[in-house]
Every structure is written in structure tokens, then in C-alpha cells.
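So, here's a batch of structures to check.
Both complexes shown next keep subunit A, but they swap its partner, so subunit B is in the first and subunit C is in the second.
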Partner chain A sequence: MKRLFIIAFRNLLQAKQRTLMLSLALSIVALLLIILLALSQGVANTMRKSATILVSGHINVAGFYKAKVDDSFPLVTNVKQIEQTVLNGLDGIDYTVIRQRGWGKIISANNRIQVSIHGVEIEKEPGLKSRLRMALQSEYKEGGQNKALGDINQLQELDTVAIFAGQAKKLEVDVGDPLTLTTETLAGRVNTKDVRIVAILKDMGFLSNWTIFSDTRGLKELYQLNEDTSGAIQVYLKDPDQAEQAMATLRTVLSDAGHDLMEHNPNPFWQKFQIVQGENWTGQKLDLTTWDNEVSFLKWAVTGLDAVSLSLVGILLVIIAIGIINTMLISVRERTREIGSLRAIGMHRRQVLLMFVLEALILGVVATTVGACTGAALASLVDSAQIKIPSAAVQAILLSDTLNLTVTPSQILKTIALFTFFSIGASLIPASRAARMEPVKAIHHVG
Partner chain B sequence: MNRTLILIPLRNLAANKTTSLIVGSIIFFGTFLVVLGTSLIDSIDASMSKSITSSITGHIQVYSDATDEKLTLFGGGFMGGDNMGELRNFADIRTELENLKEVKAVVPMGFVNGSISGGGNRIDQILEEMRDALASADSVTLEGLKGQLQTIVRDLLESRNKLLDIAEDQVTLLQSIQDLNRVLETSFWDSIESTPDKTLNFLENNIAKLGDTGKIEYLRNLGTDLERFPKYFDRFEITRGQMVPAGKRGYIISTQMYENRLKNQIARQFDKIHKDKFDFGKSIAEDPDLKSRVDRLPRQYRRITYELTPENSRILATKLEKLLPEATGDLVSKLKVFLNVNDDNFKSRHDFFYEVIAPMIKLYWFNIGDTITIRSVTQSGYYKSLNVIFYGTYRFKGLEESSMAGAFNLMDMLSFRELYGVMTEEMKSEMEEIRKEVEFQEVGRENAEDLLFGGAESESTTDDVDSVAFESTVSPTEADALIQETFSDKEINQGLSLTGAVILHNQKDIDQALAAIDSANNTKQLHLQTTTWQGASGIVGQLIYVIRGVLYFAIFIIFLVAFVIINNSMVMATTERTPEIGAMRAIGAHRKFVMRIFILETLILGISTGVLGACAAAGLLSYLGTVGIPAPADFFIFLFSGKHLYPTFSISHLLFGITVVILISVASTIYPARIATQVEPIVAMRGRD
Partner chain C sequence: MRYFVMLIFAALAHFTPTPIAAAPEKLSSSEMQELLTTIDERQRNGGDYKALAFIEQKERGKTDLLYETVIFRRDEDDKLMILFTKPKAESGKGYLRLKKNLFMYDPTVGKWERRTERERIGGTSSQRADFDESRLALEYEPEYVAAEKLGRFQVHHLKLRAKPGVDVAYPVIELWVDANTKNILKQQERALSGKLMRTAYYPKWNRTFSPSKKAFIYFPKEIRIYDELEKGNQTLIAFRKVDLNSLPRNIFTKAWLESKSR
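Coming up: the complex of A and B.
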């Protein structure tokens, strides 16, 4: 085995030029695949990050309240007690927060935009506080200073909001400016309130264009809700990957505690109003979702990106396979006499086959490792450079205004394994042709 | 060039079959992909441009140069907040631009978001009918109305009791519960015939306000010249009802919106399942999304029962009994059985619904001819309600299924101006003055509004959150007058518009037209800026660039790898042929000659397989051009400008593909050919061993 390995290695070294060429092709494609995977992973991560900061916990215990059959209020009653049940019933919780949900317009003297309003108790949300970044004044105001004004902690005060830089630019407002917040209440009435901007935050992709934070008391007043009614309990887990299982556990816990649960529907809550409205029940039902569900409407971007990457890499692999087969066929022909001699001195057919396969294996492993690692390095470099994306359409697809690439070791390992496997597969045809050779004929072959 | 030079490469190609085959197939697929890809993308570009230009934007949009924001009609990433600026006097702009020879017409456009509510307050209607019944002393009708009112009150009471769980303001709620209970007492009705005013006043003041205002939908509206719009956006067609008569106020809803958002929920579900099943070939049993839709259907039976008169309930129960003899119990349980559909019975249930049930219920929120109240937030931030007559629904031919093309509902220019709330510069600065003078926290925007506009009905302050504060309502008589009012062409044009859609005689002239508009703009001081349809469509229009970018990137990478592979194959082929080349050189062939042989070899291979590849792509494209590529999702209908994309290709696509591929293949031969020319005759003849 060791000998075969050495022979294969030597052969590769001897045919330096073609080995280099094939390696180059393999490396380029491996590099490309890694970058595309990193991009897709980057988008997925951005999505998770912005989803769990802006609109969702890892799991959400939300629901609908219906005073009459035709209603569908996205509310949870007895929210404190339910939070306690959640905390007692589920292991692995990092922390939980209660968020009020609203939908309305923010109006400045110059403009107005429609946003979803998240009522937060900022003093109870260390997670949120540490993950939101303040925008520099120059980011939203021409000629602004290069420093962040405002203080997110002031969201504790009544009638305050924190908005995002893109919104501030649209509304032409700054920290400390007043805004009018109007919503339509549960009864269809228009309520309005003046609020003060206490912080302007760095944009977080598209999702942040439609999101603002407000103090929870003010929002409750706007909707005329009592203390113990809110929008959702957002549960943050120590291990976010466990969200699906944790949600299943929570469903059992809550239903055992006597709560009515809606059937699981893996879509964001705002897509469920119509469904709930049509259903024949009144009172409270809880609805559990994961962060993934709440941003399911954004997934087409990742899906599309993956589809493009896979088809591109697929085509490229076919071309490379053709190249490998061709090169090795020629190499087998060139080495016919050598193979004949080896067979004549007692080498088995299987060993000949193995010799050629080993060649492909070494080529595959070395070339893809080089390509994948270069790709990974390049991706990390691009990621850390925080390159701005110029086109709004690309921003929409990538869900971010900077280029985010995330490389994981598993991507690299998978790429190397896939490509090596692939070159072995391609080498089987020429290798088996070599193995089939009759020793005597082979020696007589004039090459 | 002599025959030998042609014959040698041909012989070589035949001799090295494997290499020829492999390089040939790479070239073949390369050309195939380039031709297919570029043709498809150009077809999509053309169809999308048709979708966008023929639905909303026209070829060019002109708008005020006072705004530094880019005009994006299909959404720029925010919800609302598009600051398009204003064109103060559209007539001037229209006259000037329509003088240009490239321009066919300029159509005014104004965009305003608004909400409409469905249903209306049934209590108000009942009270009105009660008054009539009292006036004509019709005690039978009165008794019936009383029963209806009490049913509503019982429902209200139940929901008020539930609201106690979530509402902060318990006092008001408890008061309303007390009022509702009073209506249910028999003693309350004792005096209705003796002192009707007292009873009715109580109902009007205390009860009617508790009634439901109904469901709310948010709509995007396009105010335009309703006479000229259909003329210049030639895909426009009325699908129901009629166009708003000339010089009248009116509202036209997009068919998409009417069918998808303003239709009875059950009917909508039946439509959707029908479409999935018969248009997209999905099966209820196998498709999880469809399955969950079907599972939810029986629970929604109230969408039918709520709409039925007692008489119709009886009729429906009998008909259902005939259809479903196995279903027992009352109408509700029968309906639940009826709504339990599967792949086998769906067609018949769907048909029964439309034949029997649909005529008994209100299938849409509004019928043609109804008066609709549209509510919007005006420019200055106060609410404005406007009544308009709903004349009909429209669609753009070929874009029936696209929700993007049906994104806007149309209204006349005058209604738009009212909902938009024109603010003059003086009003703006006056507002600003008031804002500065008075501490903002105390005087909210609506109070400023009061000061400015002589006061609205309400006196509430900002702190009084549960108020309908700054609503400017139009009284019924006023509203009627508005609906009756007619206006002239002059009024449409001489006034505010947000943008103008410029329609050209020929889309190809777009660059000249832009230049002409710019110069007219400069000389006549029109204060305009322009954007093409692509710019105006925002992200949607940019998408084509992204797709194109991805395609070119993919082609580039594919050729890069192909280049390496071809190069490698050729180098190997050269090495194999070292003795042969040596022999040629020995009998007097020049290096140049050897080089030529190699290049020619690739050229012959490249041209033949390239042409084949291009032909294969052309063949596939013409096939697709006749059968069409079906749009897989809503968004693609817009991209494809219809349910199918019928791709076309031109000679230039083929030539481009072949040229690119030949260049690449020749380039990849140069290195191996150079190696070949380096072969020294004597070394070559010695061979490898």
C-alpha cells in the first residue's frame, strides 16, 4: 500500500505540468464553492442575527386573542404567568423577554413611514442592548459628526423610541427630535402619540427598515392594554440550534399547563391574521414559532443563492471530470509499457487500479485543500473588510448592506471530501482501463 | 495557405479522438450555455421592461427636482416614506413635454396609501331602518329589527366581557357592558313607540359606537387621468363594471386586489386550492402546504353562515342534504362536512360552492356601484376620509396573475389630491411657526392642524390616546355632493401631480427622449428630473442587472476552468505528438507552420462544435419559444410578463456565443502550440525513450 502510494506520488511529480493544471482547475472550483458557501452561510447568519435581535427570540411564545370570532389580536394574556411556566418547564434557556408588538406609522415634519413597533423593557434586555450598535451622526445626516448621539438606556422613559439610521435619513430627524406615532387600535380606532427619539441605531439589513423599538408602557397605552397582556415572550436559548426541539418540548409543557395551542404553522405571526380571523373560537390561543419561522418570508434569498451556487459548481465539476478522465486516459496510454512491466513482475490488477485511484486521491486532496483554504482566507478577508454593497437589489437579496461571508470548518471539510470523492470517481474509468491490460501486450506496446 | 495545412489538422483531430471529443464537448457546452444564457436574459429583460413600462411607469418618469431621493415606484426597501416631491402645475409640464417629437403623451400620477374598511357599522343601518319603520308605524318590521339588534348586542356583550381580560381602561368597558345589558332588558323597549327619540338617542349615542367598523385593508392607490391612462397604457382593461365616466370621481380596484384581499375568505381558499390543483398540478394528499390549507377550511364555516339570511340557511341546508346524504345535524355540521375536501371531491365541492352558495353570500367586500370610504394620512399628518364610487376592476393583459402589476388601485386626480392633502408653502411655514411657538409636547400636530384649519370636531389632546383625534370627516351630504360633482379636463391637469409618466412613440428612442426632456427642462425652467422605467421600478428593475451579473460571472468562471482543462488536454496531446512534430520539422516545416497546424486544429474543432452548440441552443430556444417556460411563482409572472416566458434569440446571440468560445479555445491552444514549436527536430525524432 505504502509503495503504491509512493508510485502514485512520483507519477504526479513526474507529470508536473498536467498535475499543476488539473490542480489549478480543481483549486479554482473549490475556492469558488467555498466562497459561495460562505456567502450563503453569511446571509443565513445575518438573517438569524437580525431576526433574533429585531423581531424574534430563538423561540417565541406568542398567540392570538379573540374577543369575538371575527377578531385576531396578536396578544398574549397572563403573560407573566406563562413566562414563569416557560422558565420552569424548559431547560437550556439563556433568558426570556416580553415584547409588545405593534404596527403603525412614524411621522416627522418631512416624511412618514410604516413600521412594526417593538415595545421593549430595555432594562430587562441586556442581550438586546449589547447587540444593537449606535449609528454615527454622519451616517444619517449630511455633515453630521463622527460620533453616536443618544442613549439606548433612555428607552426606559415613557414615550421614547429608538429608530434605525436608514429611517432617520428618510424622516430627516436626529436624536432628541419628536415623532408622531399613530396606530390603529384593536377596535379600529386611530390612536396617536408624540414620542421622542432617544437613539439612532445602525441599520441591520432590510429587516431594520421596517422595525423600531419603543418603550413598552407607551406602546401599551397606545393600544390600551393592561399590564399583564403583551405581544410575545421571546425565549433565548443557550444553544440556538436546539430551537426546534425546545419548541416541541415547550408545546407539551404549555399544553400540560392547560393552555390552548394553535396548530404549528411555520410562518411569521403577521401572516396568520386572516387564518385566525376565520377560525371558530374565542379567547386565548398560544402560538409557538422559532426564529426561522418568523423570517421564513426571507428564505427565498438563501434558497436562490444555493441553487445558483450548486448549478454553477455542478457544471464546473463536470468539466473538471472530463478533464481528469482525458488526462488520465492519455497518461495510461503513455504508461502502457510501465504498467505491463509492473503486471509482469507480479502486481495485481487491483493494485494497478488502486495506483491510479491513489493518484486522483492525492491530486484531489492536495488541490482542493489548497483551493478551499485560499477560499476560506479570502472569504474571511472580505468579511472583515465590511465591504459596502452598492446595489439595493443585491442588498435585498443578501439582506445586508455590507458583504458578510461566514466560513465554517465543516464547509471546508465537506468541500474537500466532495471534490476528492469526485476526482476518484472520474479516475475510475481510466484506472480500470489500465487494470484490464494484459501484461504481455502492454510490454509490446509502442508508446 | 495550402491543402496540406488543412489536411494535417483534420487528420490529427481524427487520430486523437479522445482529446478531440473532450475538447469538442467542452466547446459545445460552452457555446450552448452562452447562447442559451444570454438569450434568456435578454428575453427576460425585454419582457420585464414590457411589464413595467406597460403597467405603471411608462418609458420615462419625470418628477420634481426638489427631492434628492430616487423615485422608486415598486418599493425602495421602506414601507411608505417615498419623498417624490411635487409637480405643482402639471399642465405646463404636459404641454412642454408633449411638444417634443419623441413623446407621445405625459400622464399625471399621484401615489397615496389608504385604508378601506369592509362591512360598515350594521347598528347604524338598523337604527336608520328603525326610524323609517317608526315613521310608517310598521311594527312587524320594527320587531324584526329589534331582534336583529339584540343579536348583535349579545355578540358585542360577549366580546366586551372578553376584552376585560386585556384592556387597561376597565371603567369605560364596564360602562359599555352596562349599556349593552340595558338594551337586552325588555323594559328598555317599552317606550320605543311612545317616546322613540329617547330610546333611539340612547342607542345612537351609547350603542352604535360599540359596533364593529369592520375589517380594514391597506391599499396603494394611483391617482391619474382616468381618461388618458387606459389610452396610453394599452395593456389596461376593465374586467368588471365600467371605467369611471369622464369628469367624474371614482375608484377602480385591481382585479388581483379584489380577488385576493377583498373576497370572501372561503371563496378565496377555494380559488387558491383550485389554482394549485389544476394550474400547478399539485395534489392535496401530497403537497403539505395545500394540505394545511385544506385542513383549515372546515374551521372557517362562519364565513358562510354569518352571511346567510334565515331563508337562505334553510335552502342551503336542504341542498346540502341532497349533496351529502351522509352528513347529519344542523347546517353548521353539514357545512363542516362540505368543506372537508380532498383530491376526489374537490372539483364538485368547488362547483357547488360557486353555483349554490356564492349567490347567497356577499362574495366581495364591495359590489360594483357601492360607495367606498378611503382613509389616508395626508401630507401634513392628519387623517382624511373620502367617499368614492367603486366603478369596476381592471387588470393588465398578460399580467393577470402578478400581484406586482396589480399593486395599485386607480382613482381620479381630484380624489387623489384630497387624500394626499395638498399643502402650500405658506401652510408649511405657518405650521412650523406654530410648532416653534408652542411647546411641542403640549400641542401635538393635530392641534397645530386645528389652529391652521379652523379646528376639527375633536378637542382631544395628544395625551388622550383613545381618541379619534385629528380625523377630518366629510359629512354625508358633503360626500354626496363630491360624488356628484363633475370636473373638467382642465381641473385634472392644472394642479398637483407627483410624477408624470412619459410614453414614447418608440421605446428605442429613450436616450434621445431623455436628452430632449433635459434640454426642455433647462430652457423652460420646468424643475424636473427624469428617470427611466428601470430606475423608477426600484429594486425590481435592478434585479435584471443582478441576474445578468450572476450569469456573466458564471460564464466567466466556467470558461476559466474550461480554459485550464482545454489547455491541459492540448499540452498532453502535443507531448504525445512530439515525434511527429520532430519529423515534420526534420523534413523542413517551419516553426510557424507547426504553430499554424495547432491553431487551425483548434479552430476547426472550435468552429464545428461551437456552431453545433449554438445550433443546439437555438433549437432549444425555438422549442421553448413555442411552448413557453412556465412561471414558477408570482414574481416570475411579472418578470416574464405573463404566465409563460417565450424566449427569443437573434443572430447576434449566436455570433457572440461562437466568437467568445472560439477566442477562448484558440487562446488555450497558444501555449501548447508554442511548446510544439519548441520541439527540435533531432530530439523529437529520438522520441521519449
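Coming up: the complex of A and C.
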């Protein structure tokens, strides 16, 4: 086996130009696949990070309240008691927060935008405070200073909001400026109030385009809600990967505590209004979702990227396979007499086959490792550079305003394994042709 | 429609027999304060006040709404009540202002809820201040913008900013006051950001003699309100049957309003 490996390696070295060209092709495609996978993983990571900071806990205990059968209010009543039940009944909770949810417009003197409003008690949200970053004034204002203004802690004052840099730019506002917040109350009436910007935050991708934070008291006033009614209890777990199992446990806990639960629907709460409106019940029902459910409408980005990556790499792999088959067939033809001699001095058919397969294996492992590692290094470099994406359309597809690429060791290993396996597969036809040669005919082969 | 209102202003001015006055002179700070006090005083009865008010709401893409309401005021105690009487579905609904608090009662749920100054009365573009006594001099600091013409009327254009700590619907309002009659002709209300929220026109003013005040009190016969955020939405308030006789003592209570829907 060792001897065959040496022969295969020497054969590759002998045909330097051919080996180099094939290696280069394999490396480039492996590099491309790694970068595309890193991009897809980056989008998935951005989605999870943005979702769990901005709009969702790892699990959400939300629900709908119906005073009349055709109502559909996304509210949880007796929210503090339910929060206590959650805390008592589920292990592995890091912390919980109660978030008020709203939808409306923020209006400046010059512009207006539709936003999802999250009423927060900032003093009780250490996770949020630690993960939000203040934007430099120069990021949203032409000629602005290279320092961050405002203080997110002021969000505990009444009638205050924190908005994102992209929104501040569009609204042409700065920290301290007033904005008008307008929403439709549950009674179907438009209500407005003036609020003060206390912080302008660094953009966090697609979701931050239409998310703002407001003090929860002010938002409750705007919606005319009482103290113990809110939008959702967001549960943060020590191990976010346990969200699905934890949600199942929590469903049992809440059901045992006497709460009515909605059938699990893995979609964000705002996609359920019509469904709930059509259901024949009144009162309060709880609805449990994971962060994944709340941003399921964004999964098209990851699915789309994966589909494009796999299609592109698939096409390139077919081209490379044809290249490998063709090159190795030429190699077999060129080395026919050599194969005949090897067979004449006692090499078995199987060993000939193995020799050619080993050539493909060495080629696949070396070229793909070089390509995958170069791709990983390149992806890490691009990620650390935090390159700004200039096009809004591309930002929407990648769910971020900067280029985020994440490479994992498993991606590299899988790529190397896939490409090596593919190279071996492609070498089987020429290798079996070589193995089938009759020694006498092969020795007398001319050309 | 807004242009139609402006045309009314122009036409009224045109057919007014009094000669068109020269451009009014800029008002001093004390004169502006005096003007606001005059506007307030002329609408203030001192005793009780009752009026029938029709509120018509037009919204783009929706059916027009028409409400019949009765307005009760006791200015000396800062009390106001708006009672919805028609249509039947809204009958018994009402608002009650007690000192600085505005409450709303909905008989379908049987609950009272506190409302803000920006509460849109009955979901229309009207607000509490449109029905209440005028408190401009008390609540705002005036600033003179210009002596202008509004249609053919000579007007004082003032910008009023809310005094610190005063709870008003909008912190900035602009007034166009007829220099001759001292009636408000147009009012624009702005949010703190400066965004224009509402424009109201007062094309007709009436007056009636008040026995308790022993003087005439003035009231707008109609107010046309244009929502500047939701363009195309507008509200017309028409005041009819103003009655300045004394009202029963117990009328400004939650119990009284609740009894109207039993």
C-alpha cells in the first residue's frame, strides 16, 4: 500500500503541469464553497443574534386576548404571575424580560417611518444593554463627531426612545431631538405622543431597520394598557440550543398551571392575527414560540443563499469531474506501456486500480485542503474587516449592513471530505480502464 | 375641501361692507397676551354651558361617520362632559374632564379609562380642547410671527408655545387671529419635533348673551379639522343650540354619565 502511495505521488509529480491545473481548479471551487458556506452561516448567525437581541427571547411566552370572538389582541394579561410560573417551572433559564410590543410610525419634522416598537424596562435588561452598541454621530449625521452621544440608560425615563443609526439618518434627527410616536390602539383609534431620543444605536442588520425601543410605561400609555398587561415574556436560556425542548417543557408547565394554550404555530406572532380572529373563543390564550419561529419569515435568505451556493458549486464540480476523468484518461493512455510493464512484473488489477484512485485521493486532499483553508482565512479576514454593504437590496438579502462571514471547522472538514470523495469517484472510470488492460497488449501499445 | 374653506374666507371678506383695513401693526408682548386673554374671555361663560354638537368624520377609504353629542361645561370648576347620543351603537359613551384628568366611559365594557390630551374624541380628529373652554393665555406663551392676510382678512399670525409643566395636546400651535373681530380663523398644531399634526379652520363664529356673565359669549359655529398625518382625513364639528342656563349640580359625575346608558 505504501509503495502504491509512493508510485501515485511520483506520478502526480511527474505530470506537474496537469497536476497543478487540476489542483488549482479543485482549490478554487473548494475556496468558493467555503466562502459561500461562510456567508450563509454568517447570515444565519446575524439572524439569530439580531432576533434574540431585538425582537425575541430564546423562547417567547406571548399570546392573544379576545374580549369578543372577532378580536385579536396580541396581549398577555396577568403577565407577572405568568412570568413567575415560568421561572419556577423551567430549569436552565438565564433570565427573563417582559416586553411590550407595538407597531406604529415615528415621525420627525422631515420624515416618517413604520416601526415595530419594543417597550423595555432597560434597568431589567442587562443582556440588551450589553449587546447594543451606540452609533457614532458621524455614522448618521453628515459632518458629525466621531463620538457616541446619548445614554441607553435614560430609556427608563418616561416618553423616551432609542433608535438605530439608519433610522436617525432617514429621519434627520440626533440625540435629544423630539419625535412623534403614533399607533393604533386596540380600540382601533389612532393615538400619538411626543417622545425624546435618548440614544442612537449601531445598525444591526435588516431587523434594526424597523425596530425601535421605547420606555415601557410610555408605550403602555400610548396603547392605553394597564400595568399587568404586556406583549410577551422573553425567556433567555443558558443554552440557546435547548430552545425547542425547553418550549415543550414550558407548554406542559403552563398548561398544568391552568393556562389555555394555542396550538403551536411556528410563525411570528404578527402572522397569527387573522387565524386568531377566526377562532371561536374569548379570553386569554398563551402562545409559545422560539426565536427561530419569530424570524421564520427571514429564513428565505439563508435557504436562498444555500440553494445558490449548492447549485453553483454543483455545476463547478461537474465541470471538474469531467476534467479529472479526461485528464486521467489521457494519463492512462500515455502510461499504457508502463501499466503493461507493472502488470507483467506482477502487479494485480486491483493494485493498478488503487494506484489511480490514490492519485485522485492525494490530489483531492491536498488541493481541497489548500483551497478550503485559503477560503477560511479569506472569509475570516473579510469578516474582521466589517466591510459595509453599500446596496440596500444586498443588505436586505444578507440581513445585515456589513459583510459577516462565519467559518466553522466542520464546514472545512465536510468540504475536504466531499471534494476528496468526488475526486475519487471521478477517477474510478479511468482507473478501472487501466486495471482492465491486458499486460501483453499494453506493453506493445504504440502512441 | 381645504381650498373651499379658504374660498369662503375670501368670499366673506369680499362681501363684507366694512372697508378692508390696513395691515395690522405688529403686536407687543403685552398686546399679544391681551389678545389671548380676550379670545379666552369671550368664550368663557363663567356659569354653565350646554350645546348640541355634530361630529362628522371623513376618512379615505372608509364610510363617513356622523355622531350627535351633547357638550356640558362648567367653566368655573374646569369640568367638561361629552355625551354621545347618536348613533345608537355609540349612545351612552362619553368623556368626562375633572380638573386635569380626562376619562372615557364605554358602556359596552362598563369601564372608565383615563385618556391623554391627544385622545381623538370618538376616534375622530377632534380633541378635548375643541369642545372645552379656551385657555390660551393660561397655557401658552405667545410669539409674534407676522401681520398677514388670510384670504381677504387681515390677521395676526402668532406662534404659541406651551408653558412648562402644562399638559396640552400639542406643545406648539400657530394661530391666525382676525385683527378686526379677534376671532380665531385658523389654527395649526405641531408636535415637539415641529411636525404639523392638525390644521383647523374656524369659518363661522356666533355669539349669544350670557345671563350669568351679563355679556355675550362667542363660540365657533363650526370647526373644520384636517389631519396632517393621515392626509385626506377630516373632521367637521358643528355646534348648535348653545344653552347657557344652569345645569343640575350632579351632572359632572361618573355616576350620571353611567346612568345615561342604563
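Please note the rule applied: the second predicted complex is superposed on the first by the 446 of 447 C-alpha atoms of A that agree within 3 Å, B and C clash if a C-alpha of one lies under 4 Å from a C-alpha of the other, contacts with A are read in each partner's own complex, and residues count from 1 in each chain.
Note that in this section contacts are C-beta pairs under 8 Å (C-beta built on N, C-alpha and C of every residue); 3 or more make two chains touch, one makes a residue touch a chain.
Note that the structure is a prediction, hence the values are computed from the model and not measured.
S.K.: When the two structures are laid over each other on subunit A, do subunit B and subunit C clash or fit?
M.R.: Once subunit A is superposed (C-alpha atoms), there is a clash between subunit B and subunit C.
S.K.: With the two structures laid over each other on chain A, which partner does A:18 touch: subunit B (first), subunit C (second), both, or neither?
M.R.: first
S.K.: Which holds for A:146: it touches subunit B only (first), subunit C only (second), both, or neither?
M.R.: Neither partner.
S.K.: Considering only touches as defined above, state whether A:65 meets subunit B (first), subunit C (second), both or neither.
M.R.: Only subunit B; A:65 stays clear of subunit C.
S.K.: Counting only touches as set out at the top, which of subunit B and subunit C does A:397 meet: first, second, both, neither?
M.R.: Only subunit B is touched by A:397; subunit C is not.
S.K.: Is A:384 in contact with subunit B, with subunit C, with both, or with neither (first, second, both, neither)?
M.R.: After superposing on A, A:384 lies clear of both subunit B and subunit C.
S.K.: Just subunit B (first), just subunit C (second), both, or neither: which does A:283 touch?
M.R.: So A:283 only meets subunit B here.
S.K.: For A:179, select first, second, both or neither according to whether it touches subunit B, subunit C, the two together, or no partner.
M.R.: second
S.K.: Per the overlay, which chain contacts more subunit A residues, subunit B or subunit C?
M.R.: For subunit A, the partner with the higher number of touched residues is B.
S.K.: Counting only touches as set out at the top, which of subunit B and subunit C does A:130 meet: first, second, both, neither?
M.R.: Once the two structures are laid over each other on A, A:130 reaches no partner at all.
S.K.: Once the two complexes are overlaid on A, one stretch of subunit B runs into subunit C. Is it 330-338, 456-464 or 600-608?
M.R.: Clashes with subunit C appear only in stretch 456-464.
S.K.: So subunit A touches subunit B in one structure and subunit C in the other; where do those two contact lists coincide?
M.R.: Touching subunit B and subunit C on subunit A: residues 67, 105, 107, 109, 178, 180, 182, 187-194, 221, 224.
S.K.: Help me check something: in the complex, which residues belonging to subunit A touch subunit B?
M.R.: 17-18, 21-22, 24-25, 28-29, 32, 65-71, 73, 75, 77, 105, 107, 109-115, 166-167, 170-171, 178, 180, 182, 184-194, 206, 209-210, 220-222, 224-227, 229, 263, 265, 274-275, 277-280, 282-284, 308, 312, 315-316, 319-320, 322-323, 325-327, 329-331, 333-334, 391-397, 447
S.K.: What residues on subunit B touch subunit A, complex-wise?
M.R.: Subunit B residues touching subunit A: 18-19, 22, 25-26, 29, 33, 76-81, 83, 113, 115, 117, 155-156, 158-160, 162-163, 165-169, 212-216, 265-266, 292, 295-296, 299-303, 377, 381, 383, 431-432, 435, 440-441, 444-446, 462, 465-471, 538-540, 542-543, 545-546, 550, 554, 557-558, 560-562, 564-565, 567-569, 571-573, 576, 688.
S.K.: Which bits of subunit A are touching subunit C when the two form their complex?
M.R.: 67, 105, 107-109, 173, 177-180, 182, 187-194, 221, 224
S.K.: What part of subunit C is in contact with subunit A in the complex they form?
M.R.: 109, 113, 115-116, 118-120, 123, 171, 191-195, 197, 229-230
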